[in-house]
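Right after this note come the structures.
Okay, so subunit A shows up in both of these, paired with subunit B first and subunit C after.
Moving on to the complex of A and B:
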């Protein structure tokens, strides 16, 4: 605690943008600025802007990739509105995001506090990141085998404990929670690291004052840590919620949408319509809808959680 | 996790390359005689046989070499589609009945009628029906047959012996959708619970089953190729109004739904594992682990089933149905030529060689699959026999003409997309088979 406090004091956190020194800048800088921005800009235009615009265009067409796209206007969107599988995919994805984000954020916050105040060994802090170093597909397959109904080691332990085996991936009730927990396991170390960085940015003297005033540990956490951590927490939430909505690879290598429609998450449904059923127009239209949903979710989070303001000023 | 933009980007890049390369590949369609042909297949087990075919082919035609690429089934079709769009598809590739209709319709396949006529290829030398499968809706031929498969019952010999079920009984099983016939009796008898009680004894604990009489692969989606079609199609039911190129599916037929209710009932009785327990480990591996006594599966699995150590496996024909006949889906692969190939003549030569006795005898000698040529099929059966595997359960279907064709229609991928969850719901007991009527309406709406 003391070392961290010293660090924090010697290097005050850079929150809030530095105030611009001059009111305006000379236009001559523009060329140089563009020169430096160009590499990122070219990549952004070619790999993000152009594909996005083309995706939006394709969402108004019928397109099987081998022929030419034919303009069908809003047909894809009206069909989606009546498509029970689309609404199912929204519900399934929502369930996944809820379990994943609540668990992941709570566990990551707990881990970050432990890293901040108890586990100071670099080895232990590093170990928390280990699952994140594994690719998503490997993590999913690893758990797919460990949780297998017939030959999985986890079910062997469950049986030894005298309980009935659980079809973690096979039953409709378990499939989504199982995958949400697996991805929580993989991502919580990384999320904890982000929150931990936020904790380190809170000046130690505030805690010392709180201690002098006789605040309990819980009061300190609730009244000081959480409010001062808010900008970081909001950022973490925005990033992890967007990531969580895009769950795909875990589903693709394990249940592939089944059993029945229990894991047909929105990204997998897009993939199925576009790449399996060669309906790229329909797939693009769902992708556009997902894009709008994510933009809205991020906007709401930033707006109502005031993610771009800090209480430290 | 971050696939969305990636997927869009891939699609867009593919689309861009379409507009960039589309003109180039079509304009240079002049055909040269020699050079290197690219050939793709997905089954790694068959790679050695076809590599030998390629070597022999180059020996006979020194100006043409063949480069074989093997890709797993999961990547095969998407990579192929990318190749069509980007102009890098192989000249010749292994094609599947469930896919070629769409490819032909999108003008990606070369019709080979002229070559077949010019080179006097006798289509009657192939097993019956195989050559006809590859004539598209436009009446043109898009492939020459290379192999075929049927369904049989793989059984654990030790489990049958301890249950007192003879090989003779296995060869004469009967089935009907009402009481399941002797097939259900054998399945019930071979199901054993944790206390050693058999499925046909009083006090059988269906919630604690150690060995299931019949293994389960999955719900079977639209075709039920290995899962239920060998039963449902003995009742006179068939998937579509006509085959190939049917335009109406029949999942709403009461005969079919009665059969599916019987099938799902096996789970309820404790004679077949629950669908939810089959996600993960393959049915064949579960069989090898001693969890099921009989598995209905395809002839292409013969090598795997007979290859497990310490387990003796027999193969019985599928049961005789209510109309007094057995039934097995008959699926066949073929080699097709990409319409955009720049080596048309050499590609045709290679396809004809693949479909000839010279190559199919080589494939037969490896005892992996049954080649399409009648004479080569017999040689494959002999090669299996040399390995002490009796494959008559599979060949019998062809000899007795008790096969029906894999349903070939348009929209197969979409049909599968609708039927997969619907069948899962039925086989897992979540919905009665009558729920398939609604799925059937969705399917048939695709053809309007």
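Moving on to the complex of A and C:
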């Protein structure tokens, strides 16, 4: 408060920002700016820039950690192109991503609309957010127990319903959908809150006008809510896709790639090649490919978002 | 859909005054279902953690703990003798969650404190100081958000290994402690919106940037900094991949990695479910406490992080 009062008398001469001393200030600011940014810069260079370059370099080498990397050109990439396990991991991850997109977005959109309609309390939002705050490992173990074939409570209910028990983690056809549903469970509330924030940003008077014009609830939803929500929905979609492409934790803790190859997702395959089989070059090459896939997703996002910028204004 | 709208009365106020509205009741029912799906599993974990393994098999769906005991929690903290542990369905292997709890707290606290403080410094330079290349540097920082963690994890592992820091706390915290791109982005946004006048008045009084940063900028941004620290801490607490690579040995193992090890120790066929669920609960507890204390802050931050 006292600083504010002081400021009142001394501020006026300063407010006309670009002053003749600008050139002098710039040099002074650069020095002090370097000081302030130095720690972050160290982290940025040594743990983001250098590893990114090194990762690309390693992808062109054969490297088993003990010796030195030997340059092998495109060998890793040509090997990957012929590697059935790689294509399998891509297909499995794609399936996982797809289930997440559809299920998570649909459920979250529904939840966000419900919250917007009947309850906006922090407590309810907090309860829905709870799974998201738990780690992937916790989510995985919790469901690993509840979905257990022998004594899991879910299978108990399934049996009471007169249906045969399901080996959620143990059967090839169920393993990936199960992993995807666990991820959906964990992210559903979070995604709903993102969409809910978008809903809150839509001005209420648009709805009033629509009501006066006699628009039905469904018409309002399709013609107003969805178009105005599109930027948020695109963002949610991209966050979901990029996040689920990097699935690792739940798989590592529960199925470890199995049964057979049913849950050997990309990141788990990279992990196995690099750390279990000490093939860092090969692992890095797959990581480069994953990076490119995600960059493509981000690129498409930017195009989408640009196209939608006019929607809210 | 159309049938509900045609049945709905024309005057909205009249509908609002109604004591019972089937549409609202339906919406509430769905919402309650969603909340149940989100929250009930945690109660199930608690119920399991307070049961004995042998009783669990016989009462797989009773709501109350089967054969109530704190044995699972004692087992997790290494307070149960191997013989007792095996009798209650444990693996008998020693496991010390006190140590993992301590490691998790150290790991999350150091990385959070470092990342938030250094990111605040960087954000100050990026938002409040005028210098050439400022926007380019910010774009570069922001660009790192696009690099998937697995991609940098392999070379970072090699770097930590070359520095001979595998299985040390230092090696575990190094990649996180200097900054996170999100923290810089988050704080820069707040610093940009702070009034410049207070700062310039202080400067006229002869205050240096360091004093302005500590005495004006940081206190004024206390609320967003606290939110960021909270989000960062929870994120670090839940981190699994990097600690798995670098901190696999017992003395630096964090809870998330310890959970995975505990699960894999369980003999095939009859896992130590109650022990595993007790361990899970222990791992979740600090976040649950933070959430109970600062839930509102966390919930209200979601809209913001979504606009990134």
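The criterion applied here is as follows: the second predicted complex is superposed on the first by the 262 of 313 C-alpha atoms of A that agree within 3 Å, B and C clash if a C-alpha of one lies under 4 Å from a C-alpha of the other, contacts with A are read in each partner's own complex, and residues count from 1 in each chain.
As a working rule, a residue touches a chain if its C-beta (ideal position, glycine included) is under 8 Å from a C-beta of that chain, and two chains touch if they have at least 3 such contacts.
Model, not experiment: these values are computed from the prediction.
**Q** Go through the superposed model and pick first if A:102 touches only subunit B, second if only subunit C, both, or neither.
**A** It touches nothing on subunit B or subunit C.
**Q** Look at the residues of subunit A and decide whether subunit B or subunit C touches more of them.
**A** Of subunit B and subunit C, more residues of subunit A lie in contact with C.
**Q** Please indicate which partner A:270 is in contact with in the superposed arrangement: first for subunit B, second for subunit C, both, or neither.
**A** After superposition on chain A, A:270 lies in contact with both partners, subunit B and subunit C.
**Q** With both complexes overlaid on chain A, does A:122 touch subunit B (first), subunit C (second), both or neither?
**A** The second partner, subunit C, only.
**Q** Using the superposition on chain A described above, determine whether A:67 touches subunit B (first), subunit C (second), both, or neither.
**A** A:67 contacts subunit B only, not subunit C.
**Q** Touching A:163 in the superposition: subunit B (first), subunit C (second), both, neither?
**A** neither
**Q** Could you tell me if A:300 is touching subunit B, subunit C, both of them or neither one (first, second, both, neither)?
**A** neither
**Q** State whether A:55 touches subunit B only (first), subunit C only (second), both chains, or neither.
**A** A:55 sits against subunit B and subunit C alike.
**Q** Determine, under the contact definition given at the top, whether A:217 touches first (subunit B), second (subunit C), both, or neither.
**A** Only subunit C; A:217 stays clear of subunit B.
**Q** For A:244, using the defined touch cut-off, is the partner it touches subunit B, subunit C, both, or neither? Pick first, second, both or neither.
**A** first
**Q** Shared contact residues on subunit A, subunit B side and subunit C side combined as an intersection?
**A** Dual-contact residues (subunit A): 47-48, 50-52, 54-55, 58, 65, 136, 144-145, 148, 150-152, 246, 248-249, 267, 270-271, 274-275, 280, 284, 287, 290-291.
**Q** Going by the contact rule at the top, pick out the subunit A residues touching subunit C in the complex.
**A** Residues 3-4, 6-7, 10-11, 14-15, 22, 25-26, 29-30, 32-34, 36-37, 39-44, 46-48, 50-52, 54-55, 58, 65, 110-111, 114-115, 117-119, 122, 124-131, 133-138, 141-146, 148, 150-153, 156-157, 185, 188-190, 193-194, 196-198, 200, 211, 216-218, 232, 235-236, 242, 245-246, 248-249, 252-253, 267, 270-271, 274-275, 280, 283-284, 287-288, 290-291, 294-295, 298 of subunit A touch subunit C in their complex.
**Q** Which of the residues in subunit A end up touching subunit B in this complex?
**A** Touching subunit B from subunit A are residues 47-48, 50-52, 54-55, 58, 64-67, 136, 144-145, 147-152, 165, 167, 169-172, 183, 187, 243-244, 246-249, 254-255, 257-261, 264, 267, 270-280, 284, 287, 290-291.
**Q** Within their complex, state which residues of subunit B touch subunit A.
**A** It is residues 1-5, 7-9, 11-16, 18, 78, 81, 84-85, 102-103, 106-108, 274-281, 285-286, 289, 291, 413-414, 417, 420-421, 424-425, 428, 430 of subunit B that touch subunit A.
**Q** Can you list the subunit C residues touching subunit A in their complex?
**A** 1-2, 4-5, 12, 24, 27-28, 30-31, 34-35, 37-39, 41-42, 44-45, 48, 56-57, 60-61, 118-119, 121-122, 124-126, 129-132, 134, 137, 140-141, 144, 146-152, 154-156, 158-159, 161, 174-175, 177-179, 184, 197-198, 200-202, 204-205, 209, 213, 216, 234, 237-241, 244-245, 256, 259-260, 263, 273, 276-277, 280, 283-284, 287, 291, 295-296, 298-300, 302-303, 306-307
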